[in-house]
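What follows is a set of structures for review.
Common to both upcoming complexes is chain A, partnered first by chain B, then by chain C.
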Partner chain A sequence: MSVKIEVGAGGIPHNQILIYGLVGSLVLIYLTYLNTITNTQYFAFFGGLAAVVALLWGTDTIKHLCSYGLGTGVPSAGMIALGSGVVGALFGATTGILAPIVAIIVAAIIGAVAGVLANNVVRMDIPVMIVSLTELAIVGAMTVLGLAAMACGTFEFLGMITGTTVILGFAVQTYEASVIGGSIIAVIFMLGAIAIQHSFNACLGPGEKQDRTLMLAAECGFLSMIPVAIISFAFIAFLPALVALLVSVIGWIYTYVQYIALSKRDAYAWLDAKPILEPKGGA
Partner chain B sequence: MEEIVFGIGITALAGALATVAGAAEDTESDIGSQGDPNSQVQLAPQMGYIHRIFNKAVAGEPPAYGLWVALGAGLAWAFMAMQINPILAIVLGSALAVFVQGVYATTAYLGRTASLAKFGQPVYIDILKSMTTVTMAHAFVAIFTTVAMCHLMISALGHPFPLPLLGLVWGIALGAAGSATGNPFYGKERQYQEQKFGAGVPISASGNIVRYAEAGQRNSLDNGFFSAKLGGPASGICFGLIVFFELWRTVVFEPLAAGWGAVIVGVIVILVFAIIDRYIEVWARKTFGPYTAPEEASS
Partner chain C sequence: MSALGGPKQTGGIQPPTGMGLVLSIVLIIVALALAFLLVQMAGVIALVGIIIGGVLIGFGVHFVPVGGAPAAMGQAPGIATGVAMLAAGAGLAGLFGGAWAAPLGLPLALAGGAVGGGLLMAITCTMVNVIYVFGMGIPAASGKVAKDPITGDTFPEYKSQGTEGHGLPFISWVGGVIGGALGGLGGTLIYLELLDIYQAQLPVLLNATVEQIAPVAVSLAGIFAVGMFLMNAVLAAYNITGTIEGPHDPKFKRFPRAVIAAAAASAVAGIFAIALLELVGVF
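Moving on to the complex of A and B:
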């Protein structure tokens, strides 16, 4: 059965979050290009930060879309976001330095087509559907591109399809040991898809507060960065990967502690090993 | 011939691993009231039934397990690429994936419960402390066995997919098997024992879940105990059979008709199971039928 979804009012307006999310993730993804310019790999973690910013924006979009009574549709919204996004991101990656911008344009087109299909063919008739799916596809593209850039140190396609493996003591370039060839992109897809839907899915209800939901979105983003940082040890040098891991762990601990504090603030009561508090007047 | 015997052996081993995975998966998700039992646990406080049941809504089970297993497989793949022994790599990858699962579980419970403050549902911290660890332990078993099974398919049977992609596919299949097979046991046989047998779940009974145990108050560990007895093994058999038949038809019939043999046998297996399912459904409807009032004892 479907449960009516209620969301809290107030907080930062959605359009403001949209602008911060779009510009912020674009700038942060371009900061990973410093790797190519300075010929190091220390800036890979900026890709993960771009994903965190994109996820914050995506969470607020999902909240707007799903306040139209899509209870079980919250996880599906995450899936379609990353599904459209991964196509945009991989297409964009082939265009070199323009990759993030091309990814945004391609993802926006895919998202808009999906929105038109959902509204006019499936007849869901949700007013914000087309805009929301367009935003979600862009968020998905930025998340995939950001986390992939974090794993292999670059957002360019050539870097994603070549990895180094050691055979008989010689370092050999192969497709099998790369981010795409090893299907690490599938892990990134699922990390993003669960992270983007989880915060609103976990916080929905009449007591939903925007700051708590967004803090959880940041927590999910940093949590997704941790395994990507560990995987990146297989692709980039030891020290840059360690820097990425430290950034993710510190960010995760901070947001997790903050999120627990916000939950404590919003909870009816915070009890440890106490019996059921039956409401006055009985059930 | 020797190759086929070896393949059948690996098939049986993979099926056994899958059976363990299915049983652990369903127990894990039922302790967390994930999947379809979740809607009633979520609804209960809104209807005035304050409870001490763990409510970890991460997503449906198939996407959630798609992530946990793909993550375990991806990390194991990366560790193997760093020249770490496969067994150690799979253990480390599964352990890290379970860490992510545990964090998601705690944030889901805190978020859902804090948003229900209006209805007087408190956050019980002891639920987090005692049950998150239990779900993590079951999830570890499910993830480790599934990733090990995927690794067997690649290294012993020569499956062409890379480990993380195979993990994603089988993780979604594992979640789907547990969700479809195991949850009805928990939902209908455990959550709704407050209702009379055969009464169904009318709208007025929505959210009226079992909150008190034979002695004291029920929490999700009791549900885990129940699931480990019925729903878990049923899900295990389901997922084990899926994996076994999938590999068996490939290993034995692949050489026939340039690979089409395996496809044809796959279709036949599906048809046979559809006939069996239909027979059981009709038999159950005839035997247990629609609910009728018990006949009055004549005086």
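Moving on to the complex of A and C:
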């Protein structure tokens, strides 16, 4: 017995979201490189925004994939996305300024292999499986890389494994007080996984609307940014971390209010609701 | 737009396609060759360990009694959540057990991982049955077999009409523990192999002692083990498509497909994890 998963029609075409998501997250993640160029840390929060854009794209991909009925839960798609994405993200991170591009390529390879295996060996035989798992792996990689860049101000591997700690008044370089050495990457992994799998899982069903699902995805993304912004106080200076926290909180409040408004719009028997139109051809 | 197609609901088990099989073998061989080129014999041994770990995970998932949403309503036997969640829980518990025992040598660490995963599933299965029997007031009855292969208890007279069985029969409990143990063993094996690689390479690369880089090596090996664990678990979940009762379920016979897929997916993700440090400082 499997639950029928219904998705709403209409909205922005998936391919358009794919291009916006890919280019948007790539540009935003490269904006964190301004930190290195200008020798400040104020641009760290762009990494989080890159993750939010990637999550929007990933949510639409999950919607696309799960409309075929995987037989297993929607969260599994989010798990495989981050599972293959984290390998791509960390492998990419070792290549310096090329990090985001290499991360995308490596994640795409791993995702495509997983997709081919799912279709040809496990015999899911779902037409969009290979494309979707490729996209999801890239989304996972961009989410991990973006949030990691937000936490430590750089997407380069050496920056992620080194930090400074103050012992007896002296600043000492250490590998423990870093994003990877402190296992913050594991927290980032789960924050990304929860954000990517929740929105469609929560919104699926009759009357699912793309704008509402995507608004929830953005809300989840900003919600994941808040803990990362708080974590970043440990790795970057106080003011840049405060900027990141403010951006996250403001973004979260805005998307949350918008999501509640959209939910009220679509809810049945809400006091201010307009009558719901029956979907053509039945729900 | 609702469910558009999905896996073909044909009887029997569809074998992997020829292309899928050939691709899996080619991918594994290419990955092994790359591992030899990059890290010599140590790399090959590590990659073989990772592939074995992945196969153990993919195989172990099939033992775990997954009920999904129907089980939550008492309409199907098993634990009331998805494959990915259960496998992640068992695997991560095993990984923690194994990682804790890592300094005590390979056999003890692997045993620690297996005991950790098995223990988590034993506790989960027991508490699930406590809730089913004393909370929901339903007896344990399998819908797939008439008699428990271990205890000899008969099921049909306890099975409610219109359900596929309910509760967690003893055979499913045993399956859960075996699955958790195999998953924990596999996850720990991946972790230990990667830890060996990183502990050999990082001190040279960063000009530091093994103790200094330990946090980075542990964190990297851990996050990659988690990522590969989830990839393999989700591929196995796609193979099961939804719910499975345990080793007595007819769906259990599908496991060879998941084993092939897990081996190839682990090889591809594993080669990137092994080659991670080769590019540091190149760009």
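Operating definition for what follows: the second predicted complex is superposed on the first by the 267 of 283 C-alpha atoms of A that agree within 3 Å, B and C clash if a C-alpha of one lies under 4 Å from a C-alpha of the other, contacts with A are read in each partner's own complex, and residues count from 1 in each chain.
To be clear about the criterion, a residue touches a chain if its C-beta (ideal position, glycine included) is under 8 Å from a C-beta of that chain, and two chains touch if they have at least 3 such contacts.
Quantities reported herein were computed from a predicted structural model and do not represent experimental measurements.
Colleague: Looking at A:F43 after the superposition, I want to know if it touches chain B, chain C, both of them or none. Which is it: first, second, both, neither?
Modeller: Once the two structures are laid over each other on A, A:F43 reaches no partner at all.
Colleague: Touching A:I231 in the superposition: chain B (first), chain C (second), both, neither?
Modeller: first
Colleague: Does the superposition put A:I109 against chain B (first), chain C (second), both, or neither?
Modeller: In the superposed model, A:I109 contacts chain C only, not chain B.
Colleague: Considering only touches as defined above, state whether A:S263 meets chain B (first), chain C (second), both or neither.
Modeller: first
Colleague: Would you check which partner chain A:L223 touches, where first means chain B only, second means chain C only, and both and neither mean what they say?
Modeller: After superposition on chain A, A:L223 lies in contact with chain B alone.
Colleague: Once the structures are superposed on A, label A:A186 by its partner contacts, choosing first (chain B), second (chain C), both or neither.
Modeller: both
Colleague: Just to be sure I read the superposition right, which of the two partners does A:E176 touch: chain B = first, chain C = second, or both, or neither?
Modeller: In the superposition, A:E176 contacts both chain B and chain C.
Colleague: Name the contact category of A:I126: first (chain B only), second (chain C only), both, or neither.
Modeller: In the superposed model, A:I126 contacts chain C only, not chain B.
Colleague: Does the superposition put A:W57 against chain B (first), chain C (second), both, or neither?
Modeller: After superposing on A, A:W57 lies clear of both chain B and chain C.
Colleague: If I apply the document's touch criterion, which positions on chain A are contacted by chain B in one structure and by chain C in the other?
Modeller: 1-3, 71-72, 75, 79, 176, 181-183, 186, 189, 283.
Colleague: Help me check something: in the complex, which residues belonging to chain B touch chain A?
Modeller: It is residues 39, 42-43, 47-52, 57-60, 63-64, 66-67, 70-71, 73-75, 77-79, 81-83, 96-97, 100, 103-104, 107-108, 110-126, 161-165, 167-168, 206, 211, 217 of chain B that touch chain A.
Colleague: Quick check on the complex: what are the chain A residues that touch chain C?
Modeller: Spelled out, the residues of chain A in touch with chain C are 1-9, 67-73, 75-77, 79-80, 82-88, 90-91, 94-98, 106, 109-110, 113-114, 116-127, 157-158, 161, 174-176, 178, 180-183, 185-186, 189, 283.
Colleague: Note which residues of chain C are touching chain A in the complex, please.
Modeller: 1-8, 14-17, 19-21, 23-24, 27, 68-70, 75-76, 82-85, 88, 164, 206, 208, 212-213, 215-216, 218-220, 222-224, 226-231, 233-235, 237-243, 257-258, 260-261, 264-265, 268-269, 272-273, 275-277, 279-280, 282-283
Colleague: Which part of chain A faces chain B closely enough to touch in the complex?
Modeller: Against chain B, the touching part of chain A is residues 1-3, 71-72, 75, 78-79, 163, 165-166, 176-177, 181-184, 186-187, 189-191, 193-194, 197-199, 201-208, 212-213, 216, 219-220, 223, 226-227, 230-231, 233-234, 256, 259-260, 262-264, 266-279, 282-283.
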